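Two complexes come next, and they have one chain in common, subunit A, joined by subunit B in the first and subunit C in the second.
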Partner chain A sequence: MSVISVKNLIYGYSKGTPFEKGALKGVSVDFRQGEIVALIGHTGSGKSTLLQHLNGLLKPDSGDVLFEGKSIYESKKSLRDCRFNVGLCFQYPEQQLFESTVYKDIAFGPTNMKLSDDEIKKRVYDSIKYVGLSADYLEKSPFDLSGGEKRRVAIAGVIAMEPKVLILDEPTAGLDPLGKNNLLKLIKDYNEKTGNTVIFVSHNMDDVAAVAHRVIVLSDGELALQGTVDEVYSQGEKLAGLGLDVPEITSVFIELKKAGFDLGDTEYTINGAKEAIIASLMKGGAV
Partner chain B sequence: MNKIIEFKNVSFSYSDEEERVLKNLSLDFYEGQFTCVLGHNGSGKSTMAKLINALLIPTEGSVISFGFDTADEKNETDIRRNIGMVFQNPDNQIVATIVEDDVAFGPENLGIERSEIRQRVDEALKLVDMYEYRRHEPHRLSGGQKQRVAIAGIIAMQTRCIVLDEPTAMLDPKGRREVMNALMKLKEDLGISIILVTHFMDEAVNADRVIVMNDGEVCVDGTPREVFTKVDLLKSIGLAVPKPLELAEALRKSGVDIGGTPLTSQEFVNEYKKFTETRGQ
Partner chain C sequence: MIKDITIGQYFPGKSFIHNLDARFKIILTVAFLVLVFLCKNFWALGVVWVFGVVIYLLSRLPVKLILKSFKPLIPIILLTTVLQLHYINDGNVLFEWRFILITDKGIFTAIFIAARILLLLLVSSLLTYTTAPTDLTDAIEKLLSPLKIFKIEVHTFAMMMTIALRFIPTLIDEIDRIMSAQKARGADFESGNLINRIKALLPIFVPLFISAFKRAIELADAMSCRCYTGGDNRTRMRQMKISWRDIIASVVTVLIIGGVMALNILFENLI
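Our next item is the complex of A and B:
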């Protein structure tokens, strides 16, 4: 079942000026209940513009966004419903922390939802745990935390609203490998424990391979490719043509194939690659 | 090789109560080298970068940059004339409304003659491949383009060393490649020393030297090959190794040792070829 569907979305920036630019040129896509979707594409491909339509921050020039089958632009109420159900976390969300304590910052969203004090407290404690920080952090000032911790607090603030759809714009940008792995694990956990949909943007194909069920590739405001990680990554040459990186392991496989080694399907994980190489060696009787 | 920067028993803490971020660090940097500094968040690598050009002063010990002690305020101008710095966020480093004005900002402050500035700005922009954008407004540029403008601003001051603190962290893959290519060119064409602080292992693969920081100390120091072969050590301190090497390592642990230390996919293919050939005989 689709939670959010986007129908033939068209949107341009700086309309009526010499800088007019079509950011989305008729994009239609479905986001289904319970899946993790990665959105990839080079800078200027329209990824962030698309995300900002999903909770009605932007209004399309034409086309529609449906949340649970209903247009979000239909009435003020439908837009409000959508905002509480679709949690959008911008790039570098740590720059948006503003409260004096971590507790207050995380409680901001739930408070706006007019939940009871008990419920707000429960959600704050649950979400700080979700993002892998202890309750000791709640009384600290968000500005005393490290970059990675701040980011997790900012995400906790969105999770506390328990959105049916969690959207993260480049959640791992600027994090070190450990911080990155923690964040990817968080995405996976949130999805598995709540059954809610997660949509995230990434430039890192290895990150995408690690958690996404489905991949959507945008190029120049249009849908270029979509499918499972396998389906999309096996088209390594096409991805490269769109100005995207392929995962490093995929490029190892592409190079091996060029050198005349037939190892079957193009692998993109260390383990998959290892198994494929061993299997091929066994077949050749080399091991 | 000429020593350009010298850390002598340097310790640093941001305040009296806080733990030391750098712990008795002794380290030299050499002229004309591309040095990559790796380490996870909080390892002290950015602090070290800021100590190089006197943005920070050691709590204990001393840093000598191009012969000048950074602790002496008198030396600040001389140090910064030799060492330029580029930071992570491209939007925080642009001061002018036109690209070429921004590049001219540094040399203007040095009191250089107008015609000379014109020439330096043009050359610097050509070197980072941004000449055709010289009359553009910086805020309409991509992240990678902005970073290259920031780098051009430093070259125009004719500094001998550039320190970059995670300059590609906020860029997409294309922007990262553009910046890395520009840096390689500065090293090759002008012999400028580069000190690059980064999280991206693949940026370190082509460096002359890789320094890995952990917990305020140097943990490994050597050529990329020497450093990356310490797979288990790097993983234990939260760092990744280049994927081709990780794959070779995974194979080795499963009893298939293809040999060598492939850092790139091409190197992996070469090792694999050699391996299958010897097996075939």
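Our next item is the complex of A and C:
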């Protein structure tokens, strides 16, 4: 079942000025319940613009966005409901922190939802746990935390709204490898534990391969490719034409296959590749 | 939204007005503003209006956009017009009810003042529409350079202005981004009473100030890394030159000033 579907979305920035440019040129796409979708495409391909339509921050020039089958632009109420059901976390979300304590900052979303105090408290404690920080952090000032911790607090602020769809715009940008892995694990955990849909933007094809069920590739405001990780990554040349690379390990894999190794299906993660290569070598009697 | 406000923005172009020397543009804009105040009757104001419209046509700016950006100013202009109607009580009475008294002279004056304010706004915004911010500050620095004898650091002042102008669009983008982020968390900026609305601005201003200070520190570091010291001995990559355009524009402006004065004498004055 699709949670959000986007129908023939067209949107341009700065209409009627010399700075006019089209950002989305007729995009239609479905996001299904419970899946992790990665949105990829190089800078300026319209990824962020598409995301901002999913919770109604932008209004399309034409086309429609349906949440659970109903247009989100129908009324003020449907738009507000959509904001709470579709949690959008921007790039560098740590820059939106403003409260004096972490607790208050995470509680900002739930408070806007007009939940009871007990419910807000429960959600704040749940979400700080989700992002892997201890409850001790709640009384600290968000400005005393490290960059990675700030980002997790900001993401907790969105998760605390318990959105049916969680959207993250380049969640791993600027994080060290450890922080990156923690964040990818968080995406996976959130999806598995709550069964909610997660959509995220990434430039890193390895990250995408590690967590996404489905991949959507945007190019120049249009849908270029979509499908499972296998389906999309197997079109290496087309991806390269769009200015994107397949994961490093995959290109190694493809070259090995060309060289005559019997490796089976193409792998996208280092662990998978390791297993496949060992299995192949065992079969060939090399080890 | 916030990006619809174009006053103060620069629209690149290659028109006659764009190509005027920035120093002349500043002086002529000031002259034009004085000219608007010199007008004492509809004939004179009419001539200046025609002059203003011709300048706009010469600048080849997108008309629709200009009109759109003046929309938020309409309430201010209407308010002054209504106040004028109320405070001018001489002339023939057209309408009287309790404390409201409207006279024909009141109506004329109100229209006159409204036309004047609108023209002032149009012309002063034309300066920033057609002049690149860097040219503008260069020109201001040149025009203010006589102040050096009073030991005023004109260069530093101009640099401060350049930096301030440079960061306006950046800060507007930033406000837009922060607003979107807080809206995504359910912040509501459009409803509620005054106190709630002011409170709703806090989630925007705290992050905005933090990032503005960060930017300022980074910029200062970057400037000192490149050994910026400012001062008098800096030379310019682009020298400003006076061209035939500037001479024509100045002559036309002087002629119109003369014309307006003549019209003031020839016709009965309203103010």
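One rule holds for everything that comes next: the second predicted complex is superposed on the first by the 263 of 287 C-alpha atoms of A that agree within 3 Å, B and C clash if a C-alpha of one lies under 4 Å from a C-alpha of the other, contacts with A are read in each partner's own complex, and residues count from 1 in each chain.
The working rule: contacts are C-beta pairs under 8 Å (C-beta built on N, C-alpha and C of every residue); 3 or more make two chains touch, one makes a residue touch a chain.
This one's a predicted model, so the numbers in the text were calculated from it and none came from an experiment.
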Next item on the list: With both structures superposed, pick whichever of subunit B and subunit C touches the larger number of subunit A residues.
Entry: B
Notebook entry, point to check: Which positions of subunit A sit in both the subunit B and the subunit C interface?
Noted result: none
Item checked: Interfacial residue positions of subunit A with respect to subunit B in the complex -> 19, 42-44, 92, 146-148, 173-179, 203, 206, 243-245, 247-249, 251-252, 254-256, 258-259, 261, 270-271, 273-274, 277-278, 281, 284, 286-287
Notebook entry, point to check: If you look only at subunit A, which of its residues touch subunit C in the complex?
Noted result: 14, 16-18, 52, 55, 57, 80, 83-84, 87-90, 93, 95-98, 108-109, 112-113, 143, 157-158, 161
Note to self: Residue numbers of subunit B touching subunit A in their complex, please.
What the structure shows: 39-42, 88, 140, 142-143, 166, 169-170, 172-175, 199, 202, 238-240, 242-244, 246-247, 250-251, 254-256, 265-266, 268-269, 272-273, 276, 279-280
Next item on the list: Could you please specify the touching residues of subunit C with respect to subunit A in the complex?
Entry: 3, 6, 11-13, 62, 64-65, 68, 177-178, 180-188, 202-203, 206-207, 210-211
